[in-house]
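Here come two complexes built around chain A, the first alongside chain B, the second alongside chain C.
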Partner chain A sequence: MNKLIILIFLLINFTDDDTKSDQFITRQGQVSFFSYTSVEDIEAKNNQVLSIIDISKNEIAVSMLMNAFVFKKSLMHEHFNESYIESDLYPKATFEGNIIDFDPSETDTQTRMVKGKLTIHGITKEVEIKTTIEQVNGSFVLNGDFEVTVKDFDIKIPPILAPNIAKVISIKFKFEYQHYEK
Partner chain B sequence: MEMNAVSADITISSEELVSSFMVDERSANSMYRGKVIEVEGIVKDVTFLNNRNTVFLYGDNKYSSVICDMFPNQENEIKNLKKGQKIKIKGVCKGFLKDAILLNCMLINTTNQ
Partner chain C sequence: MRNKVLFFTNICLLFCLNVSIQAQDLLDKLEQEYPDTPQYQLATFKASRISIGHSVETRKKGVLELQAFTRYWNIPNSSGQSFVADKMGARIGVEYGISDKLTFGGGWSTLDGIFDSFLKYKLIRQRNDGKGAPVSLSLFQNIAYRSERNPPLIDINRFDNFQDQLSFTTQLLLARKFTPQFSAQISPTYIHRNSSAFTDDPNNQFAIGVGGRYKIGGHVSIVSEYYYLINPLESITTYDAFALGVNWELSDVMLQFKLTNTWFFSEEAFITQTPNNFNFNDGNLTFGFNAIFVLHLNQKDKINTD
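== the complex of A and B ==
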């Protein structure tokens, strides 16, 4: 009898695990950045950002290829990759963190803080980023913006180009997740 | 970049491309990153999210694909693609996250070969 109970218990647990995963993924997340100065405005967008959230642990991970940012001018793309970000040495920017007080059952849009480690150009900083979380068809959409100070990430701008690049860069993100089938 | 004018440095199947990144990302990067490559593979999905025309080609496993961000002028051809169809795409390989990523992609017409 005891064995039967254990068996039933195991069955229920396993079937439960099979049918619902707590992970959601996007492979087509969007991250844009903007640098506004009196000399010129620079804007670039990455449409292939990877992100996974785990709603049972409130964890979020983001990864992107720096050379996949698209600029309006190819010269900007070249400077960004070869001189500033050095994407051969540091091909990815990543973020790993926790969504504080995230309630996955909430159907209204929630605004939450995400706390974690942002790595750009091989330098890791603790950051807090505000995001909205919207539930759409049983999945989630995260939207937000934040600012990054160029010198925090040891990014060297040659003096001659310093007036062209903002000291603080605005970053926008939009991640539309789908259920991650395991 | 005008993809019509450039010929591919390397020709490879989408399964092989994904598997070489999974086996050794560093050596795959040195082989494919920043290069114009021609990839043959089977269409897994076509999406139009965020006004991008994106074709996914099957990798060698369930979790990883080749993500091809297509030129805007490819839109009509992309709309006619069917899942399971075998196609060839030329694009610039940018590297690998969970999938291999190709930008500036265009379809290579294989019907008259």
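== the complex of A and C ==
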């Protein structure tokens, strides 16, 4: 009887693995952002962004820790986390969406729209992001950039510092996926 | 029969488990993919001082702080014609982050001519992922040289030779960030003065400092500090140092405003030798203003190093 249970368990696990082969993950995704003003240029980069795509459903998810962003100045890192993004309260930024008209069998670089929900600072907004999708050795590389408005995410900037921080922040991303294996 | 029931419940459980694995969406899957790297609490306090005393914070590597601390107060029953305040004291100082954990600093105060320098080492960092240390701990050691006699006040130490004018302060700075807004610190302090002008006075003194901050906005916090002196001087009457203030942070500048009763800046001076109590009488109420400017030197380009 016990052997039967183990057999069924293995069977279930096996079928489980089968569905997972459609999924690709990256644990070292790169996201950087830029704020250019006449007073001050601010840029930061996060090299530990997690992202997963499911090519059977054309779904994508991205998750990152806000305090993993590195800045040129250590004080900027502190201000970003403490005073603006409040990473004590909202430690992560996430994205969840669908890649529209994504064709996994296409070997050439394709440009597609990703539509979904972007959550930063606890606030969720519907966004559409243009991305290029490259197929490299049976896996995928996603590349793109987009812009977000600081105001949309309820990030408070004191009036005296308003000239230092751009109203619209440009964001770049690059995800090199690998087959997802548990 | 019983075995069969067990078997079927097992099967059911397995199927449930399997369904739940498949039903979970991609974001939940990513949640489990986060590496188990320790997450440390950032900025228990914003500056290296809570208000008058040191906070648990050290400067990051390559950060140079330029500091100008000032205090203003009136002389009781003064008929003078001074602008705004009768007296003022100032300390000009620097602090430099040798590493992320070790900070060196020094300065000079006008009123008592104290040259002070210190090392502060961050030993334990509070983690905010529920594991590890619930508090941050820094060790502080300072050495202060009193270069001038202080005419309005009685000299506590002898001025015969160089060693007589030295004093040493050791502090354990123990702090916890309870909420994103509220942090508190307790700082057991040991002060050794190399010489005493009066035989009654203890050369070794102990104090306990308590301090806290409450953030009322992204950039503004209210702070308070109090140093309880366990064995005060016998030769003169001294009072415990107290401060109530507002810290305001703007980009590279930190401004600290406070109402306090102490005129001094160096630890041994303000903890053990404050001659007046905290109230609103002339000569007692002291307005303090610290301006701290942060320069980033020698920080390697962390963005483009990979």
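Throughout what follows, the second predicted complex is superposed on the first by the 161 of 182 C-alpha atoms of A that agree within 3 Å, B and C clash if a C-alpha of one lies under 4 Å from a C-alpha of the other, contacts with A are read in each partner's own complex, and residues count from 1 in each chain.
The working rule: a residue touches a chain if its C-beta (ideal position, glycine included) is under 8 Å from a C-beta of that chain, and two chains touch if they have at least 3 such contacts.
Values in this document were obtained by computation on a predicted structure and should not be read as measured data.
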When chain B and chain C are modelled together on chain A, clash or fit:
clash
After lining up the shared chain so the two structures overlap, which partner does A:71 touch, if you call chain B first and chain C second: first, second, both or neither?
second
Could you look at A:60 and tell me whether it touches chain B, chain C, both or neither (first, second, both, neither)?
second
If you stack the two complexes on chain A, which partner ends up touching A:82: first (chain B), second (chain C), both, or neither?
second
Please determine whether it is chain B or chain C that touches the greater number of chain A residues.
C
Considering only the touch criterion stated at the top, classify A:27 as touching first (chain B), second (chain C), both, or neither.
both
May I ask you to decide whether A:96 touches chain B, chain C, both, or neither, giving the answer as first, second, both or neither?
second
In the superposed arrangement, does A:176 touch chain B (first), chain C (second), both or neither?
first
Answer with first, second, both or neither: which of chain B and chain C does A:50 touch in the superposed model?
both
Using the superposition on chain A described above, determine whether A:109 touches chain B (first), chain C (second), both, or neither.
neither
Which of 129-137, 165-173 or 255-263 hits chain B? In chain C, it is stretch 129-137
Of the residues on chain A, which ones does chain B touch that chain C also touches?
25, 27, 47-48, 50, 63, 65, 67, 70, 74, 91
Touch list for chain A against partner chain B, complex:
25, 27-28, 30, 47-48, 50, 63-65, 67-68, 70, 74, 91-92, 174, 176
Chain A-facing residues of chain C, complex:
3, 7, 10-11, 14-15, 18, 21-22, 25-27, 29-31, 33-35, 39, 42-43, 46, 60-63, 128, 180, 217-219, 249-252, 294, 296, 299, 301-303, 306
What part of chain A is in contact with chain C in the complex they form?
1, 4-5, 8-9, 12, 16, 19, 23, 25, 27, 32, 40, 43-45, 47-48, 50-54, 59-63, 65, 67, 70-75, 78-79, 81-84, 86-89, 91, 94, 96, 156, 158, 160-161, 164
Using the touch definition up top, name the residues of chain B that touch chain A in the complex.
1, 29, 33-34, 47, 49-50, 52, 54, 67, 69, 94-95, 97-99, 101, 103
